Amino acid sequence: MSLEVLVFIIFNGLLYGMFLFMLSSGLTLIFGMMGILNFAHASFFMIGAYLGYQISENINFWIALIFAPMLVGIMGAMIEKYGLRNIHKYGHIAELLFTFGLFYIIEEMVQLIWGKTPVPYKVPEILNFPLIEISGMSYPAYSMFRLVISLLIFLAIYRVLAKTKTGLIIKASLTNPNMVAALGHNVPRVFSNVFGFGCALAGLAGVLAGNVIGTEPSMALLLGPIVFVVVVTGGLGSIKGALVASIIIGLIQTLTISMEYDLNSLINYLGFQIDINSTINHFTSLTLSQLSPIVPYILLIIVLIARPRGLFGKRDV
Amino acid sequence: MKKIIFTLISFGCLIIFYACEKKETKGPIKIAAIEPLSGPYAAVGKDIIEGIIYSADVINQNGGVNGRMIEIIPMDNAMKAEKTTELLRKAIDDGIRFVTQGGGSSHALNIIKQLEKYNSRNPGKEILYLNNSAVTTSFTNKDCTFFHFRFDSNVDMKVAGLVSHMSKDNSVKKVYLFNQNYVYGQTFRETATRMINNKAPDIKIVGDELIQPFGKIQDFTPYVTKIKLSGADSVLTGNWGPDAFRFVNALKDAGVKVKLFGIYISQPAGMAAMEKNLLFNDVIVVKEFNPTNSKAPNWYKEYEAGHLDAVGYTPDADRFRFMLEMFKNAIEQTNSFEPLDIAYALEGMEGRSIDGGKVIMRKDDHQIHFDMQALLLVDKTDQSIIYRNQDFDMSYSNVGNIPVKDITLDTSCNMKRPK
Amino acid sequence: MGKEMFNSIKLKFISLFILILFLLFLPYIFSSSFALTLFCKMGVLIIFSVAYNMLLGQTGLLSFGHAIYFGLAGYASIHILAAINNSYLPSLPLVLLPFVGAIVGLILGVSIGYLSTKRLGTAFAMISLGFCELITALTLIFVVFFNGEDGIQADRVTGNDLFGLTYGPQSEVYYLILFWCIITVLIMYLLTKTPFGRMCNAVRDNQQRAEFIGYNVRKIRWIAFSLSATFAGAAGSLHAINYEHIGFESVSLVQSGMVLFMAYIGGIGNFLGPILGAISLTYLDTMLSDVTEAWVLYYGVIFVLVIAFAPQGISGIILMHSPILRNNPALLKKLITPYSIFLVSILLLTIGFTSIVELIHSIKSNHETLKFFWLSFNNKNILIWLALGLIMTSGVIASRKSFGLVKEKWNEVMEEIKLSLIK
Amino acid sequence: MNYHLELKNVKKSFGSTSIIRGVNLNIKKGEIHSLIGPNGAGKSTLYNLISGVYKPTTGTIKFNNKNIENLPSYEIYRLGLSRSFQITNIFPKMSVFENIRCGLLWSMGYHYSTYKILDKDKNLNMKTNEILEQISLSKFSKESAGLLSYADQRALEIGITIAGGAETILLDEPTAGMSKSETQRATKLISNIAKNRTILIVEHDMGVVFDLSDTISVLVYGEIICSDEPDKVKINKAVREAYLGD
């Protein structure tokens, strides 16, 4: 593998990893603190993208960048307050099914308002130019901007968790959720805020990514499971874990994509030959690159079986 | 106790069932259109249904077919194969004799196989299947049946058209195959490899990629990197939907210049997500007609204007129009509404095309044939592409006419004809 | 006491007998092939959801990947059918095919269960999610076995089957599915009565305690998982026979979510719950999508409302009334008024909400008028929007108020029953 | 001499904190042995070590001359050592009858059977009713266990614990949080079940302890400071120091 390829893998992997991080950092907090497997998390991401589109269409992108996540956050907090909180007493399965139902509702609502086809959500002109060029491949300023923002998000959350009272409560509830309630904190309000904040993070990711991956009603469905992989692999409630896990997944996936090795080449290397017309060739001729989509899920299963608390988690999933 | 309640509830459900049972009605000629109208593929299904309904409306406004109107009955299969089966059975129950479908090959195959059994078991009550867009080659080869007619060119023909055009283009030396890893993408890739090797031996295949399909991949940059590193000057792709528009956008973002050859890259449903990024690279697609043909005959211009008015976009496919026109002609020729007679009439029937040529339904395998157009996306010239009331300020420019002989392929179809 | 018990058992048998008799004559009452297809689908999903509830309701394990066993067994069955069609295999009576599916389910259940039952709770759920996504991705990649998005077709008419059945007509398939449905549901019901079934409940309730009465809880979970996968496999086989086709969506997360919904909406706390859930959701799924394009939205709203207001599920709501019936059925009269008020206000809300949604929909589809029930509206008319808005708001207020009323009356009735019990 | 249950130099630490610092404890067959000590002394941890919830860091635990320190809980139970918990540990969603019956299953040889229908076994159901009688919960047998009063739940837990016929029982604060009359009832129940059984009991209520016990051991900061007859423990100097601080 040439150095050039390696540079690309690292660069592309980082970019993709940071996208995953942005997407899942909110859920890390929600899942970690409240134990809610929020299936609608990617739906909030989608709402963020649509609101980002709508606001930047009517006003401009920068306003959207600030207000769209806030709107999503308020929406999330409202849903927590008037929906999830009442369901909490029925257990986690009920909560999860509620978010499942929410997922359907949001998807249809979005289709009702913005239609079934992608909306023309554009990268802001001011950032729409190639910034870096590595042997013929250029990276636009906008993706660097996203990279910086996601790093800032990481630092901000990290600081909030480490320095503020809210952070202290959140961290305490990660290890001992019942105790915090017993200490007389207004846990429901903290929960609402955390849920809203987590949703706002998803919304922010939506505003930033919607104009790159395309803003359309099925985007939530496709992103749902991968978010869980990041959250679980990183460890419940660990923002550092989410970052590391995202980057690992990004790197591994980019690496496998660039590998054109298949079992046939290994068998050839061992001195055997597979008949290209035989059934078995269908299996042995699969390249690593074609298998790259299953990598995250294998990672998920291995982590959960071998180390259920994830990379940096403090308690088991 | 539990059992009694259970029984009561089942009775309740059944009463509702009974209320919902429908009676067969005479009147309009009903065509069931089974397409996804909800879920992630709703946009595809909606476009097809709207196009067909508009074409039917045009026929109805001109007096219908032998005095009867055509009524399109949309049915939502939510892109679930089992639902297609259910809906087909429902359509049969409702006495509908004609079915059209196009979104999703698995559904088409389901319909073909179901009807094959049904039609052989119920002579005199046959159902005719008008396939509007399902392109799997086998439907008019080993899986061909008498009651299936395809009004879209199949994958092999499309690839043949693309390769035929590429072989005339001197700038194409090294091509990269980029397809989705499922049956359609794999067929596309195999056919392309074979045809390039046979018909355009000068073109070298420098890469061959199968990606996870249906929008699961968010970031195409790694793939773009691979293409860049392979030194390809053009990419041949069958991708559609998000897999197409994210790819186009990623190429633009990375500033990688290649010629893009494809079928569904410029689907209007995805155009909003690309807009002018489509013009960064030369994008060439093959179609049955040029949707922005300024020299189109007047009757078509009227049709187009009406389409724009009725559903808010310019037609992207001409096949819905000629499908229903040929259907109408078949009824008028035979003076019968029986699917069997109509099917015989459709064999070998000719229809009109807007670019001057003809469309012909080949008798051997019930596959439509026509002159294909190689179209390059350019800035707006005369007519522009409009979709859902959004004007993209882009047009197609005809860069090559692919004569029907170039895309006429042998068929392995060995059809059993009734009677 | 003894006589009472005998009576209740007799009653159970009689009602079961009537039910089976009724099910046997069902194809004569509804002979259309669509209705039969629907009944067949219900039968298959009843097996599937009861099997699923063995895991969720009885053992307390939440799985997102149960469609794997359902779908892969379906693939295996369809491959066998296709092989018979092409005479690679000697003809096998179709009625035995679900056995094959069950065995496939068992093998998969034992192997995947071995890994995933090491964990429980959320970790278990996440592992099952991982497996589900993994298998779904593989169905598209391993074309030679799964044939990707197209799925696999086969012909269930394989020649001579037992009793001269051909399985060409849908009604014969109906009887096949009915047969299997009764058998498997009965077996699963009896399973709950065995030591294993009891220990499943014990593990669900308190796994530490279960361990301290001598049971290896992981082994219990593993057996439950394997058996549940076995029955899911049988259901998958029947699904394949019913549609003569199997596609990748039958192993997907969507299918797994569907069965979870069925079990939960029906009520996981009761053996009959999943059956009710399968019947009602299948019906809803099929009928709603016929009536409106926005059916997914209504579907979602119904789910959310059921989860928020009736988390014990349909069967749970019905069973809530059993103490009243047992002790003082006359008290039910007291509930009729609040119930009917509640229903009317819900109806009001439904009409308001659905008509607004449909109006928005009609605007989006470039139509000006909307036919709703028997009325037709013009969506440009602001008055109509106003009126519908009013209807919906009043529906919201009325249902909130009447829900309170229902609750109040309910508590009153329960108090009375408690008082009578103490006496 | 061979003891019934024998702990030798058992140590347990979590990370760097050691909770149990070398416990030696011998329990004779058939005695009621109480384990007392201030809060945080490590009594519950010791129970968890004996019953297989935790594995000791070092040391051996012998039960009837068989090493059990590395066995899982269910294996230990099958050897005849059963326990109750400090926090009520029953099957709340099942009926009282089912609770007891589950406790009986293993000893009746049912194991993981998936084909035997329980309702048909008259012997099993009779035994269940006997135990219900013993813990005086017969009248609630059809109620859901989660709905019982606290004292009844504790009684039920003891019922489950003894149902399997284990000859050695570990009881963890069986009377904690009970009123006077309830405590009396529990004490009676315990002395009732103590016939033919060996019992190790952790208890805070000294009245109960001195009433019941044959031997008392005192655990302070992870060490047994005294293990003797009740009267001698009362006057033991180390115990007085630990409890009264003098």
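Should a chain be cited, it is by its letter among A, B, C and D, assigned in written order, with residues numbered from 1 in that chain.
Convention: a residue touches a chain if its C-beta (ideal position, glycine included) is under 8 Å from a C-beta of that chain, and two chains touch if they have at least 3 such contacts.
As the structure is a prediction and not an experimental result, all values here were calculated from the model.
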Joint neighbours of subunit B and subunit A, given as chain labels: C
Separation of subunit A from subunit D, taking each centre as the mean of its C-alpha atoms, in whole Å: 48
Distance between chain centroids, defined by C-alpha means - subunit A, subunit C (Å): 31
Whole-Å separation of chain centres (CA-atom averages), subunit B against subunit D: 73
Cα-centroid distance, subunit C relative to subunit D, in whole angstrom: 43
Shared interface positions of subunit A, touching two or more other chains: 108, 115, 290, 293
Numbers and ranges of subunit D residues touching at least 2 other chains: none
Residue list for subunit C, restricted to those that touch at least two other chains: 137, 141, 143, 294, 296
Pairs of chains found to touch, sorted by chain label: A-B, A-C, B-C, C-D
Subunit B - residues contacting subunit C, complex: 1-7, 9-10, 13-14, 16-18, 20-21, 37-39, 75-76, 78-83, 85-86, 89-90, 92-93, 104-106, 109-110, 113-114, 117, 121, 136, 181-184, 186, 212-213, 310-312
Contact footprint of subunit C on subunit D as seen in their complex: 51, 53, 72-74, 77-78, 82-83, 85, 89-94, 98, 101-103, 105-107, 110-119, 160-161, 163-164
Complex interface listing, subunit A residues touching subunit B: 4-5, 8-9, 12-13, 15-16, 19, 108, 111, 115-122, 130, 133, 136-140, 142-143, 209, 212-219, 221-223, 253-254, 257-258, 289-290, 292-293
Partner subunit D, residues of subunit C touching it in the complex: 190-191, 193-199, 201-202, 204-206, 208-217, 219-220, 223, 227, 269
Interfacial residue positions of subunit A with respect to subunit C in the complex: 35, 37, 83, 86-87, 90, 92-94, 96-98, 100-105, 107-109, 112-113, 115, 224-225, 228-229, 232, 279, 282-283, 286, 290-291, 293-294, 297-298, 300-301, 304-305, 308, 316-317
